[in-house]
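Heads up, there are several structures right after this.
Heads up, the next two complexes both have subunit A, just with different partners, subunit B and then subunit C.
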Partner chain A sequence: MPLSFPYVGTFTYVFESIARGMKRDDIIVPDEPTYRTKQLGSQHSSEFVCTPFKMLLGSIIEVIEKGAYEIVATVFVDYCRLGYYSPLYQFILEDLGYDFDLINLDWFNKIEFFTSFKKLACNVNAVQAFQAFRVGWIKNRYIDQIDKSLYSYGAVEIEKGASYKVAHKLYRQVVETEGMKNIRMLPEIIQKTFDDEVEIDTEAKPLKVGVVGELYAVVEPAINLDIMRRLNDIGVITETPITFTRWIDLGQRMNPFKKWHYKACIKHAKPYVRYPLGGKTRESLGAVIEYKEKGWDGVIHLYPFTCMPEIISRSILPQVSREHDMPVLSLVLDEHTGEAGIQTRLEAFVDLLERKRNDRNGF
Partner chain B sequence: MIDSREKYFLGVDVGSISTNLAVIDNSKELIESVYIRTDGKPVNSVQKGIKMMRDQLGEDLVISGAGSTGSARKLTGVLIGADIVKNEITAHALASLHYNPDVQTVMEIGGQDSKIIIIRNGIVVDFAMNTVCAAGTGSFLDMQANRLEIPIEKFGELALQSDNAVSIAGRCTVFAESDMIHKQQLGHPTKDIIKGLCEALGRNYLSNVGKGKDIRPPIMFQGGVAANIGMKETFEKYLEQEIIVPEHYDVMGAIGSAILAQEDAIKRSKKSNFQSWDISEMDFQTSGFECDGCSNICEIVEIRRNDTLIARWGSRCRKWDLID
Partner chain C sequence: MKDLDRKIRVGIPRALLFYKFSDLWITFFEHLGAEVIISPETTKQIKNVAVSLAPDEDCYSTKLYFGHAMALKDKVDYLFIPRFGGRKKKYVGCPKFIGLAEVLRSMIPDLPEILMPHYNRGMDKHTRIGLLVRAFRLAKIFRKNPFVRISAINKAFKAQRFHNKSLIIDEETLQKWENSEVILNDFPIYNENEKQLKIALVGHSYVLNDPFSSLNIRSLLQGYGVDIITSEQIPRKLIEKQMAKLDYDIYFDFEREILGTIMHFIESKTVDGIIHLLIFSCGPDSIAGEIAARLSKRNPTIPLLQLVFDELTGEAGMRTRIEAFVDMLRRSIDEKVIFHITQVRI
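So, the complex of A and B:
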């Protein structure tokens, strides 16, 4: 039965790798979300549901239209409405009369997780399935590495768009590399390709801005209007600490010495919020302090319109920003495609950071 | 007034409602300004504005640098050949600082945007703009003035005549409008409703845009809405501070943009890109088409000057881009 999944930023490549590793040759790779995806999603969802819900629904409908039957809907649940995503998709898609099987990979519900996982891995035995998953989490590290290089080389590249091209070539290469020995070579290849193929301006002194906020809003360029690339275009190095590594990378999770960025953030956020509130509330708050300590210049906080947890962070952020003297820009995202508003705010924010830096350096 | 040895700089601010032009001299003093309506046609309004400016200053005046700002800054930049294209927050802050170097808070309410800029020691340290909602901006006031058939210029005066503001929900323009209609059908006098509306918008601005901001005096209030004395009084009431409305409150964006052009000219060795005063006679064509390369169906815009393609943008994948 054709297998597919909704498109979620560059994580899509990891997913494709895992499915390939499980010898599923009937995968339907989702397309990048477009204007049509947004429209499809909002047409069939309730008005005030989170924007990521709508986008993912649109993406699921698009893969069903392409012939998918088994669909991996969510990988984990949270304290917010994310927990309702899957059951709601089930209802909505049934009402629309589609023929499908929604697979839930809910890590917190171990029994369900393993039954679903077994369904996915119907072509291989348990050891092979685990191996495929392991390859997946290792490749995820390299995908993250490409993302990180892309958004730092992109800020200082001489020929505009060069790093973007290189990154897209490398994503494919990571997905297609087979055999653990070859996979282990990837980090070097990635570094070398960026070094060789992207000519950078060594004189530039780029500002550095961290992007935090709600998971989907941060990782999916289709909803955040490609904010990281926009920052690159105005000469700002950027990165996001929010990736899927923390959930799927069992190798790093079992390593007691691994320093997790998000854990440090949560610790920083303790004076403001002590309990998990869903989403990335505590992480968004703590990241402001974490980036300040790392010597970065500012933080951009993204949240989808009506996202419950991030609305909480948005109201506490001004206080954190003031107390730690770290500029923060909160941006709310929805279906709108009017880019002028976002561009104005970004440019003004970067101007502010630049003047602040010059002032500090005594120019 | 016009000195041939002096250098002059032009700033153009094209917003959703108005198009403003300002010419300053080397010491950043305003020489002449133009304020006209955009009427949804930025190209025409820029041409018209340039023509009016030329008629006022004479075409012999040489422009040594030009800047553009406002939501149509990219388009305007191409049309006039701007040396510097900058966002309106920076432009407004610079203009305010020029008129009052001690200013600590700038409140700007324009047609579609409302913003607050926090300045300390002459540097922008924080800013905020309205988020998903346009409640409390000029467009809404304009719409209501039209509905009540009161010229927008009289709006503030009328509000001042009232000493009994009715309560109106300012959270959302839809709620505000239904409240206003309800109050009007109950028989409340128009001036009370208008005063109520000003107060509602002021409250909405302070709790939405000004949320969590440290508003310290001196406070400057500018943008088209600053013409409304009713709004000024509302802010004075809620903030319990004196509000300064600068003399050229309606063209501050353009002045800021001209200042940016002046600062840029000092660093730049090349001649200015500024087209010439003949912009109003040139034939600008904007045309659009839908790209069918993928299902994003991007709307591509092309701008031609006298039949030569000078700019093209709008594609998400950037394959059509023809700028920079």
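So, the complex of A and C:
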């Protein structure tokens, strides 16, 4: 049965490598979301459900049309609507008359997680399946590394688009590398390729902006209109602390000495929001202070329309920004977000940051 | 230092969870010797203040909360806004209930001190004893004597239990209502030559009981001669029974009530129609509304009307839709009767 999954930013590459590791040759790799994906998703979902729901639904419909039967989804109890995605997809897709099987990976219910996981790994035994998963989380680290290099080299490259090309070549290389020994070599290869193939402007003094917010809005270029690349194009180095690492990277999770960025952020956010309330509320608030301490110039906060937890952080962010003297730009995204509007606001924000830096340096 | 002969004034905004736990909170503070001031019923002025202050993307009910808090601002020493995460294991409320107090504190700096006890049985695994301990600590602001504090907590829970008991009916009463033997809410004004209609009014308690945000739908239906039952009144047992039929857990506590009621009436077919009141951009509603609509589409027996409310909703438009819905229900009943008679003739 053809296996597929909805498109979620560069995490798609990790999905793909896990599935390949489990010797599933019948995977259908989803395409990047387009205008049609957004249309399909919002056509079949309720009016004020959050935007990631619509986008993922559109992506699932597209892969089903391409012939997929088994579709990987997640379901778990949280404060927000994320846990209902899969049951509602079941309803909507059944009503549309498609033939499919949603496989729910419930991370908080470990027994169920591994039984569903076994269902996916029908070609291999349990040890091999676990090994494939392990390779997946290790590759996830390197995908994150490529992302990080891409969005810092992209700001200072001389030939526009060079680092983007290099990154896409490297993503494929990471997915296709096999054997633990070769995989362990990847970080050096990534660093070397960027150093060799991207010519950078050593004179430039780029601004640095952190991008935080809701997971899907940050990692999926289709919903945030590739905001990180847009910032790179106007000469700003960007980085996001929000990746899938903290969930799937069991190796790092088991390491008690690992310093998690989000844990530090949550500590910073304590005076503003004390208790957990879902999403990345506390992390978004704390990240502003964290980036200030690191000496960065500004923070951009992204969240999809009607996201419940992020509205809370958006309401408190002006206070954090005021008290810590850190510029913050909050952007709400939905399927109708226009490119020109985002571009104008980003340029204005970057101008403001530049003026602020010049003032500080006494120009 | 506050005057000793003046009572401490505690303000409770009349919005959101107030409609669920009003008896608990008011009894608790009154027995501690505080003066409880509750904001007035929602008016147009409160709404205008609320809409101008609140974050744009918040749901309509949360926006109204800002207006109610502003109405109390200069009249009280403390504002009581609990950070409520859920009262049952596994089930949560809306995340906004937890963040509300902190958002208000951040957005309106000159508010009086906010009392914000945190209780979250759903996700943070607080125990029931934990709730008592929190209430005990909170009471220290008002009275030092531990016995007075314990008795206040005791009386408050008693009052809440009594409130729940008188609000939630048992299955026997529900059956009586279905057979038109009792009336549970306001007495409908029947016109001559009109069939009596039964409608289930489903929604959050802060929409059902707030005449302003629901555009007075209850008295409107009363005027049309419609006997209503609300989702708050449905026995818990029936709701749990319906919820067990879904193959996944609905983990929003208040949404279970709503969806369970709709599913119960779709199955039992004892009402003529269901009106589901949704609030614009309410997260849980968008899910429950979608599930309810799809379930009703798959099993088209009882007509379901879903009305979405926000601060721009016009009364005339809403009135027309409800009128049309009631007319449609009347006509469909009449047709059934005619059909029945023709069958007898043959």
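Here, the second predicted complex is superposed on the first by the 359 of 363 C-alpha atoms of A that agree within 3 Å, B and C clash if a C-alpha of one lies under 4 Å from a C-alpha of the other, contacts with A are read in each partner's own complex, and residues count from 1 in each chain.
Definition applied: a contact is a pair of C-beta atoms (placed from the backbone, for glycine too) under 8 Å apart; a residue touches a chain by one contact, two chains touch by 3 or more.
The shown structure was predicted, so the numbers you read here are calculated from the model rather than taken from an experiment.
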| item | value |
| --- | --- |
| Touched partner set for A:A340, first subunit B, second subunit C, both or neither | first |
| Subunit A residues touched - subunit C or subunit B, whichever exceeds | C |
| Which of subunit B and subunit C A:I227 touches, first, second, both or neither | neither |
| First, second, both or neither for A:V332, with subunit B first and subunit C second | both |
| First, second, both or neither for A:G161, with subunit B first and subunit C second | first |
| Touching partner for A:K356 - first (subunit B), second (subunit C), both, neither | first |
| Partner chain in contact with A:V299 - subunit B first, subunit C second, else both or neither | neither |
| Touched partner set for A:R81, first subunit B, second subunit C, both or neither | second |
| Subunit B versus subunit C as contact partner of A:Y275, first or second or both or neither | second |
| Partner chain in contact with A:S315 - subunit B first, subunit C second, else both or neither | both |
| Shared subunit A contacts, counted only where both subunit B and subunit C touch the same residue | 305, 315, 318-319, 332 |
| Partner subunit A, residues of subunit C touching it in the complex | 55, 57-58, 83, 85, 90, 92, 94-96, 98-99, 102-103, 106-107, 118, 120, 123-124, 246-251, 280-284, 286-287, 289-291, 293-294, 297-298, 308 |
| Residues of subunit A defined as touching subunit C within the complex | 45-50, 75, 77, 79-81, 83-84, 86-88, 91-92, 95, 272-279, 281, 305-306, 308-309, 311-312, 314-316, 318-319, 332 |
| Subunit B residues touching subunit A - in the complex, by the definition given at the top | 71, 86-90, 113, 123-127, 129, 131-132, 211-214, 294-297, 316, 318, 324 |
| Footprint of subunit B on subunit A - complex, ascending | 31, 34-37, 160-161, 226, 305, 315, 318-319, 321-322, 327, 332, 334, 336, 340-341, 343-345, 347-349, 351-352, 355-356, 359 |
